[in-house]
């Protein structure tokens, strides 16, 4: 149950943090249609995050931060708003704030391709709750991937400027890709126990899918070094980028000011 | 003259004018101005609430808020489409907005300063908007009326969500209750101003009513809103910040004080607390997105050329 | 003493908030010399803020937020880190985050011209502490003004792009100018009691000084409406822009997480 | 040959080479590379600490931190000036930095994750830097040596401030003590790596020492740093994360474990946790500032033209 809870936090935090980043596009997107689409993606991921955090709390209540007596804060919110950055288990790919739409398209393509491959396998999880979450998520994330792939092609083949920005964005995102497939002991245990997926099992599939999008767009893989771990750990161990702490300062400010609040 | 007679007859029947129908130029331009303002209001209206998406204090509230602001973008989209049926493009209207040549609802020139404002905007601002808009579902121009039906349905839902947020907060801590009251104190008067100036100072009302673009006067709608809000405020346990607010049994309505109309005109003219900020935000987003829209246009053109070359060969 | 405390908070919060905004240029400025200069200005203002907040706390300890028993947090920090935005008394001019150096130059010019005029008069305050703070501040802010005026001329006469950005920045800042000179009852009392300055007394002087910089730079006053109050109040009443709440979320996050901490 | 003899004699006397003096090309290029790397390290080093300026938990600490990061910018400035005396412009070096063609100290490729990191960087990172740099005050190239004297003086001050922050936090709450320990655990090994690879793997050391550019070997300096840090850690009450760290009475030094040299080489090659982020930040700031620098250049040119026209007439 501890491994199940941590595994759910990993998948849930990926969704939660990335949803937050995408939600920052609201009222800032290049066009109304994209404002709506990005909000949709953020909403889908937020929904997945809520189910996954709730599953984590149910599997092992000890992962939920303890709040003052009488606090009506539900477990999903205690997890989202009362953990410090070191308690988050997401990969670092989802943390940075994007400087422009080019970075967003590149990041979403990589993230959605990876997550879709995971969720497809996770539909046959031994944990029926996880399997159900995955089944719902597959439909959503397939759309996210298509949206990103469509824009990837458009920006790559649009104007010189759009191509330049897309390539710059891809170069920024690409180094964070390796971490996705670097199996964490909890992921290994989750796969071993039949409720999770070892991400190393999807590395080739993701690679082929990304290669297809890149090649149809006429884009080469960036020649950049992967971002290494921090000492012996990375995002899944709670070792994050500087961006996460700043993000949480904003995300958690109201909730933390009112630990006994009802919302 | 024949065309005008047909138009007048349609209006008299309370039937709908459709895009292909002939219409007087003044009717068309009045509609364009009104629908565009309405569309702009939805788009600018994303900002004050959007300000709290990244700080929503629970995941459920974050989902509700994000979905709501997304709905506003959707409303903007259909309203711009309704304008396009009258021959004016979204691009053109957006330029008018960011250059300050077209207005949007002044309520969005007030800042959101606490999470309670998300609830208050839902309850009072969406509530006032609904009072204004429900009659527009029966408006004479077809595409506008149909857009309004969808908008109103979603806004009622938003209004209930806003009320529900406030009522949950009122069952929370003392600090939360104070936050709700402070928010209502700030938004009550601007909400009353949403119905526009008193009828005596509202020169366009008569023509708009004759054309069936508008169906009630400003003061009628304002009264309706006050009468509707008083029992809701009681149910919440908040005090509306008006000493003059009392039930008048004779009229069967609440008496209430007038908002500060000098403030109203100042805000309309551009001196609200957030006018400059809202326009600057919209302009920045529009300019920052230009390269993406250009890329999409260039890509579409290239695709089309490829297809044409293909069919020509 | 209540009026003295509040008056000190007003001047102190102007300096504190603006110092924070300028400090955000660190490692982001157009050139090393400007990185250093902007940090210097931020440091000067931070120093003024500390003295003014301390004076406020000494004049009326009841303005200092009450912290949990045993908290070692000194009054200046209790004021800076444990007030909510509605407790801040600064003008709204100093709150927004600047999108580029053009806005910064325009804002700094307006702010420093205003503050210098205030501090010059405040040197003859009946309150000897305030008088001493002002005497020190005059030398600092005179440099801030010169720095801004020099860059204003340079950007105005530099390239088309720099002129365009400077004018856009000026148009953004200009509407927030009127509030500076809108005498608040506390400022009126401070002037009446001989320890403060009525800002309405410096409006003409500031206007002439700004006009000089604009005219030598060949720049017209922007044709924009002043930003009005919020209901019957503005910054000096604790009614701020949306930017301040976001800024405080970041600024206060560590201090608030450790109300009993020693730093 | 005569020139070379004079140069060698100056070096042998431990006297200083000055910009106007003849020097071997290899000496010049080695110096440029070393000084540029050092300058870049100061500039990139602004980021990890700058990350906490807006979140400093007290006004006193905010002032200290802001002043420190500002000093780093100042150090960068004199070091770039020292490079300019060797005929290489700041602009040129900055381009090499943002294009990844010149290195900076790998320590700055680690993130700062809590406010304790500000203290740890002062204590350990500046401490290690001082061990590396004090000998450079006597380095053979005059402008570099003089810059280093000023840099070292300021860095000693920063080091004491860092230690003082940690020691204050250690007298605070349990959470603060845990924060300090966690920070020291993260930075200890990267700090040891700051002295470079073991002497056996450090091919350039010999030539640099012969030229008086460098005065101690990597391992000598690392040992000195460990010996210095152990009693300081005890005074603070933190544990250095090395089970192999013990006093060796025979050597009169502490024995200690080797850091993970694979990690070191990976980070040097670009795979540290923040390499990409640091360079992207620097590049963005440089590009965002281009229009300002262009304006200053254009303005200066115009001023000069005006003066020239004035004197010509």
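Which chain is which? They are A, B, C and D, in the order written, and residues in each are numbered from 1.
Note that a contact is a pair of C-beta atoms (placed from the backbone, for glycine too) under 8 Å apart; a residue touches a chain by one contact, two chains touch by 3 or more.
What you see is a predicted model, and the numbers here were worked out from it, not measured in a lab.
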Of the pairs A-D and A-B, which shows more C-beta pairs in contact?
A-B
Between chain C and chain D, centroid-to-centroid distance (C-alpha), Å:
34
Using the average of all C-alpha atoms in each chain as its centre, how far is it in Å between chain A and chain C?
40
Of all residues in chain A, which are in touch with two or more distinct other chains?
249-250, 253
What residues in chain B touch two or more of the other chains?
55
Quick check of your reading of the touch definition: is the inter-chain graph here a line, ring, star, complete or other?
other
All pairs of touching chains, each written as two labels joined by a dash
A-B, A-C, A-D, B-C, C-D
Spell out the residues on chain A that touch chain B in their complex, using ranges where they run on.
16, 20, 23-24, 26-36, 39-40, 42-43, 46-47, 49-50, 53, 72-74, 76-77, 80-81, 100-101, 153-155, 157-159, 161-162, 165, 250-251, 253-255, 258, 260-263
Across the complex, what residues on chain B touch chain C?
48, 51, 55, 110-114, 182, 186, 189, 263, 266-267, 269-277, 280, 284
Looking at the complex, which residues from chain C come into contact with chain B?
85-86, 96, 99, 172, 175, 224-231, 234, 239-242, 245, 249
Contact footprint of chain A on chain C as seen in their complex
246, 249-250, 253, 256-257
List the residues on chain B that touch chain A in their complex, please.
43, 46-47, 50, 53-63, 66-67, 69-70, 73-74, 76-77, 80, 90, 115, 165, 168-169, 171-173, 175-176, 281, 285, 288-299, 302
